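Here chain A shows up in two complexes: once beside chain B, once beside chain C.
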Partner chain A sequence: MKFLSTALLLVFSLFYEVNAQNNNMALVEGGVYLPLYGTEDKLVKVDPFLMDIHPVTNEEFVKFVKENPRWKKSNVKRLFADKSYLNSWTSDTTFTGIKNAPVNNVSWFAAKNYCECQGKRLPTIDEWEYAAMANKDVPDARRIKSYNQYILNWYETPKTFNKPVGSTFKNYYGIYDLHGLVWEWTEDFNSVLISGESRKDVDKDANLFCGSAAIGASDLMNYAAFMRFAFRGSMKARYSSQNLGFRCVSDLKN
Partner chain B sequence: MNFTLKYILIALSLVAISCNNSTKDAEIIAETSTESVAHTPISDMSIYNLPSNWTTQDGNDIELKDLKGKVLAMVMIYTSCQAACPRLVADMRNIEKQVPDANKDDVQYVFVSIDPKTDTPERLRNFAKENKMEDDKWLFLRGTEADTREFAAVLAVNYKRISPMDFSHSNIISVFNQGGELVHQQEGLGVDNKETVQAIINLAK
Partner chain C sequence: MRTTIKKQMVTKMLVGVGVIALLTSCVNDQSDKKYDDAIDIPVNQEMIAELTAPPMVPTPVGKRMAKKLIVDLEIQEREGEMTSGVKYVYWTFGGTVPGSFIRTRVGDEIEFHLKNHPDNKLPHNIDLHSVNGPGGGAESSFVAPGHEKVFSFKVLNPGLYVYHCATAPVGMHIANGMYGLILVEPEGGLPPVDKEYYIMQGDFYTEGKYGERGLQAFDMQKAIDENADYVVFNGHVGAMTGDNAITAEVGETVRLFVGNGGPNLVSSFHVIGEIFDKVYVEGGDLVNENVQTTLIPAGGAAIVEFKVEVPGTFILVDHSIFRAFNKGALGMLKVQGEENEKVFAGEIYDGIYLPEGSVIQSMPTSGGAKKPKEEIKALSFEEKMKFGKDKYMATCVACHQANGQGIPGAFPPLANADYLNDDVTRAIDIVLHGKSGEITVNGKKYNSVMTAQALSDEDVANVLTYVYNSWDNNKTNVTPEMVKAVRNR
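Showing the complex of A and B:
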């Protein structure tokens, strides 16, 4: 009995490995982490998952659009994408820029459906943030100066969206470009509630606000992450942006 | 090995279904909107483009587009909510009161749960009863977590689970016209709802 279950486990892990390699995905071991908006006693648990090692590229998105014509820029419903959707594309199926650069100017709806059509899904904020804490060597590099400096340098570099995927560092999990090319959509981007966003009487996320206070306290560790949260809080699902792309993940359990 | 193969096949078929479904839905929508003249076509901005399925407080399964033809006042809540939700419910009741009798039948008041795991149809029905909202004009909906997240994205409602029992969420009441287009949004609690009422009356005419 014990042998059988071990054998089964072996087959399963083999399958995941093959699956992961075939789809250019990497395993992110789960764990707990302290998100930007959390407090000491609010560790968040992240289950293991597979993540695309690269963001989705222009070339891949053209293929998707050809197979799913409702996402062509001339067809897309305004409910699902605003006018800047695939803004720089010169026709329904021709993009500008290089083919293996991350696709940008896509709405959340389009990104979500792309992943669904691959049998995958968008990562949650927690999954994305968890995988993105890593540098080359360690899973959580947020207290390492060079990690933060890399991100801040990126923010100051223009037009990184037109660089090929894989041109930034390979992180601890074998994943590229979480920092350095584009920001990325997350499944629950609309779970960010920022105090002081242009809304009245929204239940305020006091913990997130503490995150911003941390900047004032010269704790730069989370500055880069705070920028991401602020950006997410400002987005709507039909919006698109030149510095925003996406990648997909999938569950490890069947 | 056979077992793995079977697993892969099952996984593959699931993949195919989940993607095709949405495309099929889109095709159906496209067909109905171009072919049939009897049904007024819906615009690009209509929420009836969303292919999601919902369950009502009475346990009936409906699609959003079943609501077509009515003016909708919509709000997202959860029934175990102690803070803002009772006030949102009060706001909805308040709005309903101010709509003239002549227009009352044209308006549907919809509460969408952001906590579908907890808010079973039974719970929604009890919530409706507690709040004396058992009339047909009050509709309580529960969908999948993914469809709920998507619907909130359309409404620009942000929400997050902050504890097993509680959510943090935007307080927005949205008004849709008979074709499912967003016409007006009221943000905040206990705000002056004159404009919202006026928007509903204008549409119901």
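Showing the complex of A and C:
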């Protein structure tokens, strides 16, 4: 009986792995979490969703551009992408760097449209942050020192964008590279107001989504999150950056 | 060769003076007009600001009119060397720590172009303490990687001001080196002096302790605990010592623009063997005279001036003295010229004095519960020499000097030293346990104290091997086993 159940489990997990690998997405079980700018009574609920296990690669994006010529670097409307869009590409369809490295220098508009063309969408900040709390072993590793130090070290390391996807750790949900290669676009990246004057942002008056929680933010986890929020706050939807890529998510289909 | 250079410089200066004279001769009558409120000072003409890397400063403003001054500053995140063998990723304004020096005069309108290099990973901004306006410009200058922000302000208050990055997490951006100085000179400029230099102190927090080799990551926990591994002038250990020392001639007046980036520690700035004739306290209008040590707050600055009367090497320190000799807060001013025995006569008597009960102090050993990370072992003789040299430069050089020559009358030489070459066991013992009392080296008597060093067997072997295989010594190869044997005696 025990043997049978183990075998069953094995087969099942094998099937699950294969299945997950086929569509390259992993299930993120939902739950509640406390975001950086939250206070104890502002827990946020995240519904279950599927997330790409890798960021979108150069190779994948070139294919998209070929199928959707309006996203070619020579065609793109300045309204939707500034001059640095696909900056390092030597032509409309030739990228530099390795083919399975994350695509970078794409605007939010382009990223959003890419996901829509795949029948997917960009993750929300909450979805992204929720999935990215996980380390190898647990869904919320934010209080683990080594995990935070890993993230901070990555933020400090220059030029990590040209590495193959999947080269960092596989997290609890089976998702790779949320930390370690590039920053990633989120659907509502500019919804948390970071004014650029971070010291003002800790003011209790600016009570949008911010809160007094940030004042006592001596936890390492907050520092890592601060940097992500600061980065998002510095971007506009038509901007692009060498250290910024994206991945897609989709809702669970019932 | 030298004379031609000098000649060229003289000609250039003459031309410069001529140009200035020309300019002043045809300037408008504004020069005579006084303004009660700096806001009313009009600007004419545009000028690109001269920016300099430490320890240099741009040309004084002199008598020039207020102008529209264009400052073009690029932010670079780049790897540098904290001390030999130790790498660190610095975040910089203009590629150096501290960032480029900006020199302005009251009434200037600054058009500030802040550029964030596309290779950078993070957004940044700048808060200049010389700005009257929200965030000191931080909010208006928040710039994403690969972008440029332009903002402008008028400088109203004369003084020496710190600028720094104020992007979240602010402490981390400052701790990685994002600070510098902006000087606002009064109308007519500061009184001319012979030499001017730019120095800025900063504290750094690394994963490994002082001197631990390799690329060292920023340690947020140590930063929060304010437990600095490095406290340095101008960004790294040795930025102002040896060949990098600043210089002056006897009789010259030296002006130092001294800032403190922090992020945490205040500086007790002191020049060993000099008294500050003048200190512009906290960089403002108040001038104090005859000051030994001046306090420079984190995020603050001071201008100090002194005339150098005699030749020699003058050591600049943070007089919280362990920072100077154990964490790197040490710089040098080398003064050349004629001796003046009236001012300083040197040693005139050397006698014997033996008090009771002098005890050698010892350094803390790492015998705690926390086991340190395994150290990198030298695999070859060459590596041993390299590691040994790094350790020497980090630990021994302050007293025994870069070429082992020591300091006559104070610290014995290691170069071609009979006392060293006669007995290797004794040498190991001194490094491990310290030494005090009189010894004779190469026929000269020394009577001072060396503290016991908290070094591993490996470190002691490397550093002694380096010493024995340099400067005409007897080429003994000291092994960790030999050190261990002495330690366990």
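In this text, the second predicted complex is superposed on the first by the 208 of 254 C-alpha atoms of A that agree within 3 Å, B and C clash if a C-alpha of one lies under 4 Å from a C-alpha of the other, contacts with A are read in each partner's own complex, and residues count from 1 in each chain.
Please note the rule applied: contacts are C-beta pairs under 8 Å (C-beta built on N, C-alpha and C of every residue); 3 or more make two chains touch, one makes a residue touch a chain.
Since this is a predicted model, take the numbers as computed values, not measurements.
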item: Touched partner set for A:233, first chain B, second chain C, both or neither; value: both
item: First, second, both or neither for A:87, with chain B first and chain C second; value: second
item: Touching partner for A:159 - first (chain B), second (chain C), both, neither; value: second
item: Partner chain in contact with A:149 - chain B first, chain C second, else both or neither; value: second
item: Footprint overlap on chain A, where chain B in one structure and chain C in the other make contact; value: 199-201, 233, 236
item: Footprint of chain B on chain A - complex, ascending; value: 8, 11-12, 14-15, 68, 70, 77-80, 108-109, 112-113, 116-119, 187-188, 190-193, 199-205, 233, 236-237, 254
item: Touching residues (chain side chain B, partner chain A) in the complex; value: 1, 3-4, 7-8, 11-12, 14-15, 18-19, 22-23, 26, 30, 44-47, 49-50, 83-84, 149-150, 152-154, 156-160, 162, 168-171, 187-189, 191
item: Touch list for chain A against partner chain C, complex; value: 84, 87, 145, 148-149, 152-153, 155-160, 183, 194-201, 217-218, 220, 222-223, 226-227, 229-231, 233-236, 239-243
item: Chain C to chain A touching residues, read off their complex; value: 77-79, 89, 118-123, 125, 134-135, 138-147, 166-170, 172, 176, 207, 217-221, 224
